[in-house]
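Listed after this line are the structures, all set down as C-alpha cells.
Common to both upcoming complexes is chain A, partnered first by chain B, then by chain C.
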Partner chain A sequence: MSREREVKAIGQAGWRRTFGAGIVSLAYFFPVFYIIMTAFKTRPDALAMPIKFLFTPTLENFYSVFVRADIQGGGGTNSGFGLYFFNSLFIGGTSVFLALIIGTSAAYGFSRFPLRGNDTYLFVILTTRMLPPIIAIIPIFVLFRIFGLSGSYTGVIALYTAFNLPFSIWMAKSFFDDLDRDIEDAARMDGSSEWSVFRKICLPQVYGGLAATFVFAVILTWNEFLFALMLTGTETRTVPVAIARTIGGQVGVDWGLLSAIETLFIIPVVIVTFLLQNQLLRGVTFGTIRK
Partner chain B sequence: MFEIRLEKVTKRFGNGLVAVDKADLTVGRGEVMCLLGPSGCGKTTMLRMIAGLEWATSGDILIAGKRVNDLPARERNVAMAFQFYALYPSLSVEDNLAYPLHAENLGKAEIAARVARVSEALDLKSILKRRPHQLGEGEKQRVAVGRSIVRDPTCFLFDEPLSRLDIQLRQTMRTQIKEILSRLDKPTVIVTHDQIEALTMADRIAVMQLGKIEQIATPHELFSKPTNLFVAGFIGTPQMNLLGAVLAGVGEPDPTGVVTARFALLGENISAQVNGGVAKLPSGSKVTLGIRPRSFEFVNTDASDALHASIDIIEPMGAEVLAHLIEKGADLRCVVQNNVALAVGDRVAVRCKPGQLHVFDDAGNLVG
Partner chain C sequence: MTSAESSVSAIEQDNRPPARKASSFVGWIMSPERRGPLLIAPAIATLFLVNIFPLMWSFGLSFFEYKANRIAPPVFKGLTNYRDVLTDPEIWARFQNTALIVIGSVTLQLIVGFLLALLFAQEFPLRRYLLMLVLSPMMLSLSAVGVFFKLFYDPTLGFISRIISMFTTDTFVILSTPTRAIVAIVVADAWMWSPFVMLLVLAGLVSVPKYLYEAAEIDRAGWWRRFTTITFPYIRSLLLLALLFRTIETFKIFDIVYLLTEGGPGSSTETASVYVYRLAFQFFRTSQASAMGYIMVFAVIVLTSLYLYAIQSRRSEP
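Take a look at the complex of A and B:
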C-alpha cells in the first residue's frame, strides 16, 4: 500500500548510509559469490592461492556434476545427480505444499472454531518443535523400519510434512487471528456459506503471509540433511546427502565440482524467493502495516 | 408485515454478562429506529442479534412476521453496514457491490444492472475498479452503504455508520443516508452513540442503558418528555440540570388548567408551572427537578421566586454562551444568547421558563 513511500524512503538515505549498507551486504554475499566463482574455475584455479579473481571460466564442473568421467576416458557414466535434484524438488515441494494446505485448514479451525482446550492443542503442536530433531531420530528410524518406510518417497514426504506443520499452523493461525472479523460477518450477511467465507474472504487476505510461510518452509526442507541422511535410500537421496557423499574421495575434495553442485542447489530457492518477494515483504510485516 | 419485532429478547454471554435484558422493540415498515446509548449498553449486541451474528439467549426475534431466532445470518436476508465498513479487501469496489448478489443466484446481466444502479445513486462510478485500501473514508462509507442496498433485503441495519467520518463529511453522509433510507421503505435500525446522529436521522429512538431499553420515543418526545433521569441526562447538550428538591405543595389548577407547585430548592422557595401529575405526590416528597440549560431565563436579581447564584465559568459556544452558575455546591448550566452581558463572579437570578420544568420522583421516573 505504501510502496511508493518506501521506495522514496530508500532513495532518501544519504550516500554514507548507502555505502555502509553496501559494504555489509557485500560481506554477507561474499561466500555465495565465492562459491559461484569457484564453480566456473578449473581444478588448479580453484586451489590457487592467493585467490584468483581473474580466470578463464569453464563449464566442465557443471558437466561433471551430471556425468562422472571414466578413468579410461570415453563417454562417462551418469552420476545420479539429475535424480537427486528431482528428489529434492519433489520431496521438498510436495511436503511443503501438503504442510501448507493441512496447516492452513487446521489454523483456520483453531482460529475460528476453537475447541475445548484449544490452547493446549496448539501448545502440544508447538512442543514438537521444542526439542532438537536429533533426539527424535532413533524412534523415527525404528518406526520407519517397522512400517517399511525407509528409503521410500512416502516416508520422507510424510516426515517433512509433519516437520513443517507446526510452523505453518502457528504462522497461518496468527494471520487469521489478525483479520477483521467484521468482514467475515459481512460476508455471512451477504449470503456466504462458511466455506465461501473461508475460501473467498479469509484466504485471499492471508496469501501474502502464506507465501512467506511457504518460502521459510521451502528453505528449511531444501536444506534438511540429518533425516535425509538416515531415511532416504539410493533412489530417494536428496541433494544435501549427495553433496556430503561427494566430499569424500581418494584424490581430495573437488572444490570446483562441489561449488557447481551448490550453485545449482541455490537456484530453485532463489527463484522461489524472487517470485514471491513482494508477498514475502507483506508476509513478514503482516499485521504491522496492514491497516 | 415488513416489520422487525423483538419480544423479551435477552442475551447472556458465557461469562454471565447480560448484554441485552428482556428488550421489546418494534420497527415498522419505512421506519428508522436508532438504538442510542453509551458504549457497552448492549445496542450493538442487539443489532447483531437481529442480523443473526449473535444468538439470542431467550425471547423472540421476528422479521417480516417470521421467527428468525434459529436462522443463520445468511438465511435472514438482512443487510448490514458495519462500523469499520468491512469491505472485502481482496475485491474491487465493483466486486464488493456484486458480492451479495452472487449469493442470490442472479444472472450476470441482472447483477451488472443492479451494481450500475447503485453506483449511479451513490456516485461510485469513477472508483468501481479500485480496491478498498485505495479509497478515502467517505468513499468506503458509500461503498459499504451501496453494498447493503444493492440487494433487496427485508430490513437494513447500520452499526455506527458515521463514526469514522470527519465532521463535514458526516453531515453530508447523514443527509445522504437519510434520503436513501426514506426511499427504501423498509425497517431500518441504526446503532449510534452520537445523539445528534440519532436525533437527526431517526423516526424513533430507543435509548439504552446496561442492556435495558429505557425509553422508545420520537426525537421530539425524547427531548421534551424524558421518562427517567438517565434519559433526561443522556439526551441534550449541554446536559440537563438535575437538582435535588423537596416538593412544598401543589396549588389548585387555575382556570386554564395550569398547575403551579412550590419547591424548596437550594435553600430558596420557588414556584413553577408543572405537569398535573405532580399533584399526586404528597407534600414533602423528595424530587429531582430537571431543567434544560436553554430553559433558564435571567430575571432581575431582586426578583423573588428565582434561583440566585454566582457565575463561575463562561464558555462561549458561538451564537450562544454556556454559563456555569454555582450556588451551595450545585452547578447550574445555563445557555444564553451571546449578546447577554455576563461576567465571572456576577450575582444573577434565573428562573425556569413556564412549562419547561421536568419533575422526577424519588425513584427517578418522570412524574405526570
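Take a look at the complex of A and C:
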C-alpha cells in the first residue's frame, strides 16, 4: 500500500504552473462553488444578474432546510430534512459496515485460498455491481412488496449491503493482494495459526485501506438515487430522493433553499475527496486499477 | 489439530490430504481445504439472496406476460418479449439516444481528462489543493449534479443559460430542441466524469520510466516525438480502460437524465435506463421491461469482460 498522501507526479514545476492550474481548477470547480455561494444568498441576491460575488451572507436558507416557515407566519414545521440526513447516514453506515465485514472475509478467502474458478466468482461479483441498477430494481421492487420490505430500514439496508459487497470485496482483495507474503509465511513457519496470521499480520496492514473503503462505500451509498427512490418510504427517505421531490414541483422552486440542501449534502463528500486523494484511483475503479 | 499442522497444510493444501481426519461436522467444515469456501460463503449467500436470485426471477419473467400491478398470474410467452423488444422502433430510438449520449460524453471526458492530466502531471506548489477542486465533481452524487445543472440551465435564473443568451438573441431553453437537450446532458455528465479519466491518465504518466525521457533528451527528440514514442505507449492501456469503464457507466445513465430533462423534449433524450424505468413503473409492462433490461445486461457483461481482459493484459505488460 502506498504511503504517499497525494496523487503522484512526475517532475517539478514552479509557481507559474500553480497559476495556470489554479485558473483551470477554479473554473472547473465553479459549478460547485456557485451552489455553495447561492446557499448563503438572500433571494434577491440569488436572482441578481450579473452574478453577485460580493454579498452579505445569510444563514436563512440553512435554517429553512430544517424548519419550513408557516404561510400564516409564526412558528414553523419540521421539514423532515433532519430525518433524511439521519437516514442517509444510518442506512449508509450500517450497510457498509455489514458489507465490509462480509466482504473482507471473502476478499481474504479470494486472495489467500483461491478456489477453482476464483476469477469466475470475482467476475460474477463485479458484474452484479456493473449491471444497470434499473434491471436489479424491477424484481427487487416486486419481491420487496411481496415480503413487505419496501419502505423499511431492513429492506433498504439489506439491498445496500448487497450493493456495497462487490465494491468491498474487490477493494479489500486489492489491499490483501498488495501485501508482502513473506512475512505471513515466516509467521506460519514459526507456528502461527491461520487465524492469528489473519488477525495479527494481514489485518493490521490493511486497516488504512479498509477505512478508505468504508468511507468510499458510504459516499457511494450516500449518493445513490435510484434504489432509494424506489424502495424508501416517508420514514426511511434519503437525502437525494428528498431533493428530487423538492424540485419535482417545477414551479416555484426555491433555489436558495435547494442550494443550501445541496451544500449540506456535498460538503462532506468534497472534504472526504481531499482526505482520500491517494486511494481515489483504486476507489473509483472498484479496486480494479491500483497504479 | 495443532496450529503447526494447520499452517503446513494451508501451504500445501493442493497436493496433501488433510493432516487429520475430521471426526465431526464442525471438524469437517473447519478443515483447511474448506477455508476458502467458508470465507466467501457469507458474501455469496448475501449476493445470491439480494441480487442474483431477484435477477434470475426477472430473467424468468422476461419469458412471461406479467404486469406487476395485476394479480393475474404470469403467462408463458417464450421469446415473444425479446422479439417485440428487438423489432420495436421505439426501443431502438432509446438505444440510439443512449448511444449519442455515450459517444458524446465519453469523447469529451477523454479529451478534457487528458488535458487536465497533462496540466497536473508535474509537482507544483498547492497542487494537492487544486487537485481537490478538480477531483471533487466525480465524487458527487449523480442526482446532485443533475440538480446543479437543472439550476444552471434554468431559462431565467441559470447562469449557463444567461451566459449563452448574451451571445444569442433568444433565451436559452435546454428543452427547446433535442440537440440542445442532449448537449446539456453530455456537458453535465462530462463535467462530472472528466476527472476520472484524468486520474487514470495521471497514473499512466507517472508510470513512464524517467530514463526514457533522459535518453530522448540526449537524442534531442522533439516534444511530439517524445509524446508518441515514449508517453503514449504507457498511457494507451489506461486510456482504453478509461474508455471501457466510462462507456459501461454512461450506458446506464439515469439520474442526470431523469432530473434534468425527464427524457424530453418528446422522447429525444430518453435513454435505455429511463425507458426501462418508464416501462416497468409507469406502464407496468414488467416483462417487456425485463426483456429490454436483459438486452442491456448482455451489453454490460460483454463490456465488463472486455474491461477485465484489458486489466489482465495491462498487468502482464512489462
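Structural remarks
Heads up, the rule we're going with is that the second predicted complex is superposed on the first by the 249 of 291 C-alpha atoms of A that agree within 3 Å, B and C clash if a C-alpha of one lies under 4 Å from a C-alpha of the other, contacts with A are read in each partner's own complex, and residues count from 1 in each chain.
As a working rule, a contact is a pair of C-beta atoms (placed from the backbone, for glycine too) under 8 Å apart; a residue touches a chain by one contact, two chains touch by 3 or more.
Since we're looking at a predicted model, the values are computed, not measured.
In the superposition on chain A, A:Ala136 makes contact with chain C only, while chain B stays out of contact range. In the superposition on chain A, A:Arg245 makes contact with neither chain B nor chain C. Look at A:Ser192: by the touch rule set out above, it reaches both chain B and chain C. Shared-chain residue A:Phe225: touches chain C; no touch with chain B. Contact with chain B, but none with chain C, is seen for A:Pro204 once the two complexes are overlaid on the shared chain.
Counted by residues of chain A touched, the larger count belongs to C, out of chain B and chain C. Of the two partner chains placed around the shared chain by superposition, chain C is the only one that A:Thr273 touches, whereas chain B remains out of contact. Overlaid on A, the two complexes show chain B and chain C touching the same residues of chain A, namely 185, 188-189, 191-193. Taken in their complex, chain B has these residues touching chain A: 48, 51-53, 72-74, 76, 78-80, 82-84, 86-90, 99-100, 102-104, 133, 147, 151.
Residues 1, 180, 182-183, 185-193, 201, 204-205 of chain A are the ones that touch chain B when the two sit in their complex.
Listed in rising order, the residues of chain C touching chain A in the complex are 3-4, 6-8, 10-11, 13, 32, 35-40, 42-44, 46-47, 49-52, 54-55, 57-58, 61, 68, 116, 119-144, 147-152, 154, 157, 159, 162, 191, 196, 199-200, 202-203, 205-208, 210, 238, 241, 245, 248, 251-252, 254-255, 258-259, 272-273, 276-277, 280-281, 286, 289-290, 293-294, 296-297, 300-301, 303-305, 307-308, 311.
Those residues of chain A that touch chain C in the complex are listed here as 5-15, 17-18, 20-22, 24-26, 28-29, 31-32, 34-35, 38, 46-47, 49, 51, 102-103, 105-106, 108-110, 112-115, 121, 123-128, 130-143, 158-159, 161-162, 165-166, 169, 185, 188-189, 191-194, 196-197, 219, 222-226, 230, 240, 243-244, 247, 255, 258-259, 262, 265-266, 269-270, 272-274, 277, 280-281, 284-285, 288-289, 291.
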